[in-house]
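Shared between the two complexes below is chain A, which pairs with chain B and chain C, respectively.
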Partner chain A sequence: MKARALVRLWSIFGEPLWIVVSIGFPVLSSLALSLLYYSIGAGNYIGFAVLGGVMVAFWGNVLWSMASQFNWDKQEGLFEIYLTSPASITAILVGMSVGGIVGTVPTAVIVTAIGWVLFHPAVAASWGAVAITFALTLASLYALGMTLSSLYLVYGREAESMNEVLQEPVSMVSGLYFPSVGSLSPFPFALQIVVSLIPLTLGMDALRQSLFSSPGFVSLWVDLGALAVMAVAFLAIAAFSLKALEMKGRRDGTISVRIR
Partner chain B sequence: MISFRSLFASAWMGIQHDLAWTSPPAALVLRTVAPFASAMTVSIIYWFGVTHSGLTFDPARLAFILVGSTLYAHVASYAWVPTIAIAEGKNLSVFPHIYLTARSTALYVAGRALSSFAISSTTSLAALAVAYYVLSGFLQTTIILTITPASLLMLAVALFANIPAALGLGYFLGAYSLYASKFEWSLPGYVAGLLMVFSGALFSTSILPWGVSTVASYLPFTLFIQASRDALIYGNLGDYLTSLGLCILGGVGLLLVSLWVYLAAERRARRDGVLDRRLA
Partner chain C sequence: MTRESTRSVEVSGLKREFKSKSGPVVALDGVSLDVGEGEIFGVLGPNGAGKTTMIRILSTLLLPTGGAAKVMGFDVEHEPEKVRRVINMASGAEKAGYDFISAKRNLWFFSQLYGMPSALAEKRITELSETLGLTKYLDRKFYALSTGYRQRATIARAFINDPKVVFLDEPTIGLDVMTARSIRDFLRSEASKNGRTIMLATHNMAEVEAICDRVAIIDKGKIIAAGTPEELKRRLGAPALVMEVSPPPKDLEMLRLVAGVKGFTSSADDERELSTIQVVVESDAASKGALDAMTASGHKVVASWRKEATLEEVFVALVGSGFKEREEEVGS
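Right, the complex of A and B next:
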């Protein structure tokens, strides 16, 4: 786990230009949507756009550096080496997650700093709750990434297309930039229930509550409880499906098939 | 020298690349999802911001945002295709075969961009139509769009008029990709983000700081979106023609400069032997 995390960290921090490159979309989309809130006279919600910019960096990292990673590793011939090494695949995935989280922190900090300097969004934070919420959101989000990573192993070129299909709709329904669950949500209740199965949705809801309002004890802790359950469940699903797919790959002889 | 055969072959390859990984209709539907979701997101932000700030909901403003968001996504999705065509081509060893042929790779890049333009035009307009109906029902409002044969013709002309500018941007990014072997994958994010901020897609460029707003208002992409709004929302032929003319003028200028840069980069890249370099 430590070895895989260090590889990821070295690939990011060993090339500082990489940080400059990776902040592009989170910073600019956050800036654009903050300006949208500002231009329509709803400046009091600019904090939602800044928070969305921070979390879109992690969501992008989950999709492109977790979900797709094994698929790319397979194309490059690395996945066979993982399987033949004595290391557990789950440990490798956890290492990738830890490296991804730490590697994305600079982007998150820069988005926050730029949003803060330019717009001074109003914050009424319970910082303890924010820290717990942030940790649980990332844990469940990266556990989802591990699950997707195992599923994407089945695919060839389709994996990248699936990522492109997933990125925007999930950003929308999970309420990266506006509340998608709760009393402020524009969505019907049934849809709110469905989208609550995505960890990002509950994470964003809990983060908004703990950062921008005095959260109700029950509503916040319900979100946090659900996030914790999701983190464990996705981790278990990822471990199970990876094992199953590895066995299938060994049986069918497709583990070393690089491009389909 | 322009070879239409090479151009069409490249465009056809692009269509195959983008749509043939599954059944083409399914690929088109899946490609409509992202611009639709993007348009829905910014439209809901407008609705949410206005509703919960005690402001008056303006359907015309919603139409402004809806059209802008769909068209910025359209431009973003095909302007960076040259970058990806080169980067992916180098990674999968397709690009070295392209440059071994007698033609310049500029034709290949143009063909790929044109195929992507055709796909993106289809999916963006489909996304606009679906978002229009979904938002109308969802927000229970009438979004003010003028859909007539004349307005659709004006929109189609505007879409084509923007090709030189988008291809020009593509050549600039492509020139970088010829040399890069690491960071080119994240250029699309920059392109999409810059267009969101500076093309007047979501808000008027006049809210940007002085100087920046002047430059942004004369960008071909801003003028293209403005012309499309004149066609679909305001119905102002004079403003439409002005925006269209400036868009073409700026676009052709950008294309000529960027093509010169790309060809120079290609010559140098051949000399330096980096065209088949996969990884740094």
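Right, the complex of A and C next:
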């Protein structure tokens, strides 16, 4: 687990261009939204935009470096090396997650620092709750990434293209830059219920509550409970489905399934 | 049957079928063999013969549909976790490394999949790199390594965990002669000095002749001959006949009619308007018969000579055609 975490960190910081891209995109999107809110006099939303910049970095990492990674590993022949070793595939995924989280922290810090220096967003934080919320949000997000990684192994590139399709819509409905659930949401209640099944939605709702004392969709503790359940459930699904996939591979000679 | 007292690999009646749209495809059809400790065992055959399927079953990536196989006494079907602790594998086709980290860090990472203490892993990386001539390139990022050095790193990875048995699938494919030779020297030394068992799937005859203690020739999922390379070649009894013929014949059916001709392969040289035909014969009389048949068909035999039999000719003698022709038959 530790070794895979280190590989992720070495890879993230081993390519200067990737560092620029992984920091640049969240910084720019956060700045753009912050400036928009500032210019229309919605100063109380600037904090949401800065928080969104932080979380979009983690969300991108979950999609492109967690969900897709095993599929890329399979194409390169690395997945077979994992399978023929005594190492646990779930432990490798957990290591990948830890490396991804630690490797994304500098981006999160830079986005926060720039947002803070330029806009001084009003914060009314309960820091203990923020820490717990942040940890549970990341746990559920990365556990979702583990589940997606097994899905992407099954459907290969066809499923990976879902990343492209879903990234922006999920970013929008999960409320990365504005509250998508609760009293401040522009969405109908039914849609709010549906999008609450995405851990990012509840995580953002909980983070806004704990950082800015913003009104939430449900109470902070309900958010945290749901995030904890999601983290455990996604982790269990990932472990089970990866084991099942390994057996399918041994039985059928392939783990891929064609959609068409 | 094995020359060694301890068996590392035991395969008995191994079968594997794959489903396909046109019905079941038999990749392995009742293969049995034993490989002894410290032996380099070659599995030789054309593409599609079943070599890779066998390696994948033995390395726990695939389940057999019949028969049984054990590696170091552990059943590959029911005890894959135990098998995985004592084996490693590599393929010449794999990339097997993360591009943006160094070769050394890649090797260290792969050692950790086997739970090796870091200090031991570092020592092993140093030893393997020195033996494989990789030391100068250890700190280079994986993407910056040439194909040859990347393959050396892949071979180092396959030995990183001090495995008892190593499965290699075409380990020198696409490599230059010097790199391929240095990898073969390394494999030879790992087997003889460290008692490691190496099972090598390949269609490279020269590789098998150079390093394998024993070889099984496999065709259409069945072992058609097994023994030391020398034993197999001796079975032919007579050397092969090579003839250069002009103009290149459209077909070689006339040779099939000659008594004592076991098989043949040919290659055309369009520039010289010549065909080089290798004929596997049972006797000198069959050689003369083949030359006469060629002349009688209106072709000029520009030159002819006898040469020592190779493993390809053993294969030709057994199935009547060469690897290339067999691959075309299987593919069609």
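As a convention for this text, the second predicted complex is superposed on the first by the 240 of 260 C-alpha atoms of A that agree within 3 Å, B and C clash if a C-alpha of one lies under 4 Å from a C-alpha of the other, contacts with A are read in each partner's own complex, and residues count from 1 in each chain.
The working rule: contacts are C-beta pairs under 8 Å (C-beta built on N, C-alpha and C of every residue); 3 or more make two chains touch, one makes a residue touch a chain.
Since this is a predicted model, take the numbers as computed values, not measurements.
When the two complexes are overlaid on their common chain A, residue A:Arg251 makes contact with chain C while staying clear of chain B. Legend: residue contacts after superposition of the two complexes on their common chain; A:Ile193 is shown touching neither chain B nor chain C.
Of the two partners chain B and chain C, it is B that touches the larger number of chain A residues.
Judged by the touch definition given at the top, the superposed model places A:Ala236 against neither chain B nor chain C.
Of the two partner chains, chain C is the only one that A:Ile81 touches; chain B does not reach it. Under the contact criterion defined above, the residues of chain A that touch both chain B in one complex and chain C in the other are 15, 18. For chain A in complex with chain B, the residues that touch the partner chain are 15, 17-18, 21-22, 24-25, 27-29, 31-33, 35-42, 44-45, 49, 60, 157-158, 161, 164-165, 167-169, 171-172, 176-179, 184, 186, 259. Against chain C, in their complex, chain A makes its touches with residues 2-4, 6-7, 10-11, 14-15, 18, 76-78, 80-87, 249-253. Partner chain A is touched in their complex by these residues of chain C: 18-19, 59-63, 80-81, 84-85, 87-89, 91, 93-101, 105, 108-110, 112-115, 141, 157, 161. Of all residues in chain B, those touching chain A in their complex are 21-22, 27, 30-31, 33-35, 37-38, 40-42, 44-50, 52-53, 55, 61, 65, 92, 138-139, 182-183, 186, 189-190, 192-194, 196-197, 201-204, 207-208.
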